[in-house]
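Notes for the one structure printed next.
Labels run A, B, C and D following the written order; every chain starts at residue 1.
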């Protein structure tokens, strides 16, 4: 039985800042002690819609940054998110004003595995999938790793790559479908060359499932480790609803429908059975 | 076939001011031309809850004041409401900030009948039921009527009687259930003496159904005309749902379940079959 | 040019957006907000033979994303209805689908005779989600035999040029079964869904909020039930036109029902929240269909049923 | 002192607030947010004989004031369930209502035998809102005969000291009929309601959003349906305890179901929106009952049925 992130708590988090950055809102929340226990790759689950809302489910957001130690003693920790206003829930959240409060549960889920030895890491993000990668880059850098980053999106406005975030990366490549920034094409198109040039040893990724699947194919080809942060529809975020599953091969070799909110979002890409939406892969336990 | 107020329009009304007054919120909306066609007794119906709300029905609010002519040419008219934050809808409305917009349909319903000759009028309001009476008082005063007013509520904070509203009344009596302001007791307790002292010829009333019913009994006793603004649960406010009915005797003597949003809210009190909640009175047409 | 017209059996409508029975008054009330001729047709409130006071108040309760009502078919009876409401709508040049409701199987026959050939009337919606006074108040459409009997009686009294549309209750174990039954009894089309039986208890009085205790649940809350019912019935009877309804408040909502198999859409409760909801639905649905590359509305009907491989 | 205890046939619970089957994981996940011993009991996810992968994703869709799910009873099968989940709950000192689900009538019997006498297990919820593989996938509780057969089989295998609670689907023409049937077949109590069958169509892919097309609707949207079902069944069978559920997210919501006739309340979907929803419901319900002058929880059960004159 896997279980929920043992550090998860439920709090009323106050909006400290909310700034539009390209297609996104960069939001900072005051979160009491929650920041101290957040690791790169963790996410939070937030109630959306307010008092009389018809939206009954929480929304999950990857933690972009969690600040705690650098703050004066006694002050609240901060958690930063990157929100893409998309449907009703994210649009509501992105329109919260400073001083408003939202109900937040976190930190949730698994975090990116950090190698014990310095390695050459390639971080790959799609759209707001870049959010958890900057905190990861900082951590890897502090452990002596070389960090290269490639971010892709449909167009320039959807690349989230703030200046301060770039501090920790040795190289930054941008791709856009329409060529409005960086290379024209998809991130996966850029990967082989980057892997070869940078002699990458591990890939960390976050973005749409199709992108992650394409990256896994490349990781397989180059025989690289691949830690992927997956994104399945989540109703609860805390492991009680079983909506967020993907087929995942366990250490015993058995494929089980596993909860991405508890066994993920960060999973070993080589263990995920990709492209399994709308069907249960053959051989899955209990199928 | 009775029909909807022919002057009703649907607009986005901007909040111009929102002030807490006792237990109420006094709110002013910029309403384009709507103010010009509002008469005392009319109401507006407002969408509540915002984008993702689970509240699907409009809420009705009596027009407290409609200002049009006194404003500089070309400027928008204003409609003022008195909101009692009660359930989810009214609480949402009362927390709208200046510059926010709400969807408003109005003016709706019947208005208070104005006598062609000057008369001695007694205006009776319960709780926020005082709202439509001040505009009525002004109009009656301008027609040379004597206007006495009596307002009742459970306690002092629930009496809505702003100073500026009192300009047009010759006397103002307050009653509260707990005696925290004015006379202790109910408005109906104060009526007989007021009617006798002021030699009232007509009663105008607005408030809870039980109060209106008590007033009707007194009006019957003194043989006075009684124009009552009734309040039934309304789903649409525009005559299309048939939820808001009360049994009303028509000019042909037949009692019909009549829509209070179209044949009301202001009705001739002597034609309403009071105390008919939860049953259809015998003899009602089609019963 | 996008072709927005739709067919309900022998009738063609300029567009598929209709009001829902009982949710548009007599039509006149809405005409203040938009020209009724914008509608594919107006569906009138269900009319009975005799005048009817309806139920006692409270008649409604708001519920999460919906409402309960127990109007109880208040109305003037067929005579005054034809004289006033229908005459006014005909004058206004609006296409009309008349909805009828009976307490007995014979009522349906008598009502059908009164409306079978009237100018502008393009359809007869037979609301069989009504209590049958001859059978312990059991709802006609909840039992295959009474559903059949009501529709057969209407069929015998109406020629082939006026489409008969049976309006079904979702409160049944198997709605496809009832649908097959009424179609074999002579219905040309189906209206899905009527309200879902519900109750609200007032926690202050600690009694049912509605005077008649139960009421019909409508609004967005029931949309997933409507989509499911339409999808199931369209799968079972792909050639039978369906008027879809249940919680439609936007073009997106309407599109869901169309893709599930609805050839026309009635907008009910949404009109209470927004008098111009039908127009919003109409315009949004059209844009969504055009955006998705449809050239004709009819190509989208039931499109969600296409094979997975496409 | 307010007496918050409640009885489900032979079992007494310290308070009437429970989780809903399938909405509390294995229990462990929620224990991080509050001590599970705060609950009257935990109702486990419905367990089947064998391990089961459940349905393909997407398995859920949010709907107005509700959600659709088609988890498809994913679970480890009875062996691992007893070994891991039940053992952990017993260790934690939590009272347990085990929910079982079968594909055949025999499955129910076999499952009942496995759980009939386990420490801390105070009830057996028999989820008969499952497809019957021996009868074209028709849901057991949708037909009186299959509903009866499943419960009879459980009854034969369980002694009188473990209450058998039949969990019914609301997707039937007459829920009182099914309730009477399962009670006469040996059920000691009823759980009302399971989810309502629904569908959402994705307007972008223009296909059903869920991989399995239909799913179960839950959440506040269905509360009026739950209140109605509980009220109807309590009127028909006033002595049979009912576990009420469907859209309860607050004490007010719970009170509605209690007044309608529920002796205990399960909180399901609300937990997804708020991990501590059950505790909120428990505390609010208690205050509301005390405010209204009740000295015992049991006095409020079915209070909305009292005569109008009171």
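The criterion applied here is as follows: contacts are C-beta pairs under 8 Å (C-beta built on N, C-alpha and C of every residue); 3 or more make two chains touch, one makes a residue touch a chain.
Computed from a predicted structure; not experimentally measured.
Common partners of subunit A and subunit D, by the touch rule above, are B, C. Between subunit C and subunit D, the least number of touch steps comes to 1. Centre-to-centre spacing of subunit A and subunit B amounts to 55 Å, using the average Cα coordinate of each chain. Subunit D has its Cα centroid 46 Å from the Cα centroid of subunit B. Separating the centre of subunit B from that of subunit C, both taken as means of CA atoms, is a distance of 35 Å. Those residues of subunit D in touch with two or more other chains are numbered 64-66, 219-220. Residue positions of subunit A touching 2 or more other chains, listed in rising order: 54-55.
Viewed as a network of touching protein chains, the structure reduces to a complete graph with every chain in contact with every other. Per the touch definition, subunit A reaches subunit D in the complex via residues 1, 3-4, 6, 8, 10, 47, 54-58, 103, 105, 232-233, 235-236, 238-243, 245-246, 256-257, 262, 276-280, 284-287. Per the touch definition, subunit C reaches subunit A in the complex via residues 64-65, 220.
Listing the residues of subunit B that touch subunit A in their complex gives 48-55, 88-89, 91-92. Chain contact summary for the complex, subunit C toward subunit D: residues 63-66, 68, 142-143, 171-174, 196-201, 203, 206-208, 213-214, 217, 219-225, 227-228, 231, 247, 252, 255-256, 259-260, 288, 292, 303-304, 306, 308.
Of all residues in subunit A, only 54 touch subunit C in the complex they form.
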